[in-house]
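Each in structure tokens, the structures are laid out below.
One chain, subunit A, appears in both complexes that follow, with subunit B as partner in the first and subunit C in the second.
Here is the complex of A and B:
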């Protein structure tokens, strides 16, 4: 295998090693437990959304609405456990504050899926509707206000520790294992890859392509909703304008860096996890070395284009 | 409505096509009539000029988007490119409109060239390439302006563009926009470049096999969309007296909605410049009427509703279009 081919195949791992080396050499206090905790707690939300995005991309689709769904789910939770009913019945209120936002996210996914599969709207346009409106609805619900709260039980989602490491890190890993099992060991997983490989052929072979597509958008939206809850729990505050802002880019970048093909047909679940770690490390490296946020935006754009370009080269 | 379809004449199909391409005009007239009857200031000179002045920016980016969508592509970067151009124009405003206007347009075209390079030479899918440009232009605008709004030079003739009227009647922005729209119509309908743009949307591979210059047509549409966004940015800076690096969020959605309302198929190969203008005016009118209703106190919608309404509007239009194109498929 030539060096170039090896680079393409294991580009993600090489990038990770390089990033770690650069950080160890240049970033002050990089080799500290605190750095690890910060990065794990931040990477988890990217990873959770990227897992769903990977499934959507595997069918040849794309979901631009993930950030808006995060904002919507995140806005709902404090409204529910902070309501009069939620305050009277803390346990039930807490359960509802997790279940109802996830159901709202599921409805968003259903909307996206129906638009794509039944009305045959291109995924970019179909999900663009909620990309704009979803955040608008979240802002209408909260009147655009920052909702702060103090609810230790809910905050556990974002600040809890299991075996010394942040809870949401474990959550992301557990979800990745679950989805890996779904993709590689279940009929649904096979169907997803078949639809992404060649939708027409899959349909002729008896794959229920419509339901499969609806399914991936629903899974992606529910995972986004969960990520939205985690972000709100981390901050003990919900800001509909910022929660999940530009997350679609992070998630697409993580999925593509992890090896997903935009044409569909591949679902590298652990690749998405690796991609999320790389994206997070790039962000952290720039931030920790005093690079402005705005420049970091440009760097992220360059990473996405570079990763997609390498992917295209690989398939040709 | 312009199409390369050469099917034999079919009266029913012609009528259905007529209903679709005229639907937007009928809706526009109906909405204007509703406004005139319901609000006393609706037909006033102030409302008309401020409405046209504000929507000139959206007409421009919609017409640019129309060309991109006809080729089967998409340009998500228009909003932040306009914001970037507004910052450039504000910095150039002391040298007068002669410098600031071309400067802003060129800044927009530079991003258009970047899009074209990524899409044609690097073969990046259009939505990824233009999404990256969205980020790049936004980052660039924030770096350039230090994340501040950049006040224009009020001493020069720059603000006359957005605030004064040509021959005392129409704002300059409207006159310029009309020129651009007319030019776009001529290019699409009367030149081989325009025909190639339509052919590329109808079938890229077939166009290439026929020997058409596909790359040139695609490069043209992204450059044109960038130039339109750039000019919209100049209008923004001139009309509001400042370069605004944070403006432009959601503009791509407005533009896409306007194009689709105008009957342009999202799958490419079919589209009309004037119907797109009507689509942009229709979307603008919806907001204009909502503003009037807010003013009367019948409803009270916060600014956040704007985005929800925009999305709902696009949703309804897409549903209508999906029905039309399914009916067409069934007929064939």
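Here is the complex of A and C:
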């Protein structure tokens, strides 16, 4: 067991430690509580989407529509609690403003899942449909305008604190624990890994492969919808053009950095969480040190290359 | 004796603490056909993969062509003159025959692009030496498995190898194709090329091999000249038993004809599917093994697929316990009490990333769950029990199944079905690619299963297994059931005659016949 092998197995953790060390050394004010809050509130949305993406990737699929679904769910919420009905019944309005966007996201997931499993469209093409049209629908709903609002109850999703830390951070951790339990302890989780590992074998063993695939796209879409709501709550504004923009890349990168195999068969849930933290920290490091956003994109790509390299070595 | 082309000595290899090779040795002289035999898990595949650079050895010495060998990848092995044809074909089905033969070694034009005309010509020439004439531009996947196999061999031979390794080359060939292959092997020998020939079909070795090395438990336990040994002696070497003991036992463990058949479980009447299944009648009663006899492509696997609900019926009906309710999906078939062991272990059987435990319990999961949660302690109990009762050799139940030998993988898949306590098991080539020892064990498991009042539909390309194992054999030809033989009393000759006769009859009623 060499250093290289150890690095391969725990590459994510090593990268995290390195990033933290670099930040402590170079980034001004890194060791401040404020920095922690900013990072947690931003990493949470990446993490929530990456969890769903990990399940989709575990079946050998991919979901490009996550960012568009975020925009759609995010656009719906203010329309609902800001409507005449929502203003008259604040509590019910708030509940509907969370449930209905998530149902819309679920419908998107159902569409993706049906395209992939029943109509046997390649996942990358199937989810490209909503990738393009989902954001379009969101922009039509909001007439392409930025919608600002003031609704403290809804904003709690993005600005609330639990035990002094941002609410959405707890939400992401809770969802990760829940999904880890699903993957490792439930029938559905076992089926996801079986379908991703060898679909024909799984079908012959009685696994309902179609339903399982629809299931993972639905879970991924609902989680994306939730992330979309969180983004809107953070900003107290919904911007259909920017909400979740390029999120599919962050989520896929987080899942891959976390150890998901693109050909399917593995679902490292906590790996996705770790991957999301790494992606976020890289973004923050570059931003805080005055590096342009465009350059940050290149750095992110470099991380993905590194993760894929490690993954290739690991599969041997 | 001439200087050896290849000599391997003291090779050790362990996977995650499990010893696969323990001081293994092998030596080949130039122009020799050298057979390598042994039970599954004896270390044959590992030894070959070390030789071809797929695995690195933990210890030992390899000399090839007079120099110490430092082959670190399959590509280096090929360039060094060692070509390998693996048991499971490593080809690209969607690409053309030419591309598969020349892959990685394509003739180039001046501009560095592929010289297609020369590539096609070369592919045709190479295939012609095997007596195969196919459209080399057509996708490989459109051809029968046998042709694909010969393409794999053609590819290996075309690389001007000094040593060609063949891992179970005839397992998917019919007799005539196998004869073609043997011809090629002899031609290679005449050219001074050595062949390392891994096979479970002992009869073959006596037709083509010069010497045989026998492996057991990661070691070479014997190396014999083929003209100085016997089939029984080789089996004894492989199993580590006495020759006399083997001769007393007989050759298979199935022992057909001793049944007490009970109620009828399944009855198929004139079933047909889109997959060249035209009209098959079949009845299966409790306590019996019904064999499906016939040549490759006669509809044996297709019948199994129809009964298990994989292919939809286009005609006919299936009565399950007397009720006309054919399972429409594998899940429905499993729920009704049917299991189906596929012939293609790698593509349709194992889930390689999953553990032995997860593979074994896969079909049982719906009954192991409550409110969606898998009862893991009960799962471990059941898996533990089956690993014990079937003698599955695994480090522990959480070892990835891909690390097990072929025979042990097969036992896990058999256990996947046994644990669901089915009434009917459909076994498609249950002992293919499995060594003699595991074969006996699997046959004994099948017989035990039937003794408990369950039933088996057995598909096997080995007539010996069918004749000795099945209580009845339904003879298939061209997607139709054309006859039935009953044990005791079936002989291999009788089965061959039944198949040949029905072929003859089929020919007479064909379109070319005069009334």
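To be clear about the criterion, the second predicted complex is superposed on the first by the 315 of 316 C-alpha atoms of A that agree within 3 Å, B and C clash if a C-alpha of one lies under 4 Å from a C-alpha of the other, contacts with A are read in each partner's own complex, and residues count from 1 in each chain.
The rule is short, and it goes like this: a residue touches a chain if its C-beta (ideal position, glycine included) is under 8 Å from a C-beta of that chain, and two chains touch if they have at least 3 such contacts.
This structure is a prediction, so every number in the text was calculated from the model and none was measured.
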item: Combined model on subunit A: subunit C and subunit B, fit or clash; value: clash
item: Partner chain in contact with A:207 - subunit B first, subunit C second, else both or neither; value: second
item: Contacts of A:251 with subunit B and subunit C, given as first, second, both or neither; value: neither
item: Touching partner for A:75 - first (subunit B), second (subunit C), both, neither; value: neither
item: Subunit B versus subunit C as contact partner of A:281, first or second or both or neither; value: neither
item: Contacts of A:265 with subunit B and subunit C, given as first, second, both or neither; value: second
item: Subunit B versus subunit C as contact partner of A:48, first or second or both or neither; value: neither
item: Partner chain in contact with A:185 - subunit B first, subunit C second, else both or neither; value: second
item: Touched partner set for A:223, first subunit B, second subunit C, both or neither; value: neither
item: Winner by number of subunit A residues touched, once subunit B and subunit C are compared; value: B
item: Offending stretch of subunit B which, after superposing on A, collides with subunit C (from 200-208, 218-226, 236-244 or 308-316); value: 200-208
item: Subunit A residues contacted in one complex by subunit B, in the other by subunit C; value: none
item: Subunit A - residues contacting subunit C, complex; value: 185-188, 190-191, 193-194, 196-198, 200-208, 261, 265-266
item: Subunit A to subunit B touching residues, read off their complex; value: 62, 115, 119-122, 124-126, 128-137, 139-140, 143-144, 246, 249, 252, 262, 292-298, 300-302, 304-305, 308-309, 312
item: Complex interface listing, subunit B residues touching subunit A; value: 74, 118, 122-125, 127-129, 131-136, 138-140, 142-143, 147, 250, 252-253, 256, 260, 266-267, 302-308, 310-312, 314-315, 318-319, 322
item: Touch list for subunit C against partner subunit A, complex; value: 308, 310, 329-331, 333-335, 340, 342, 347-354, 358, 362-363, 365-366, 369, 372-374, 376, 416
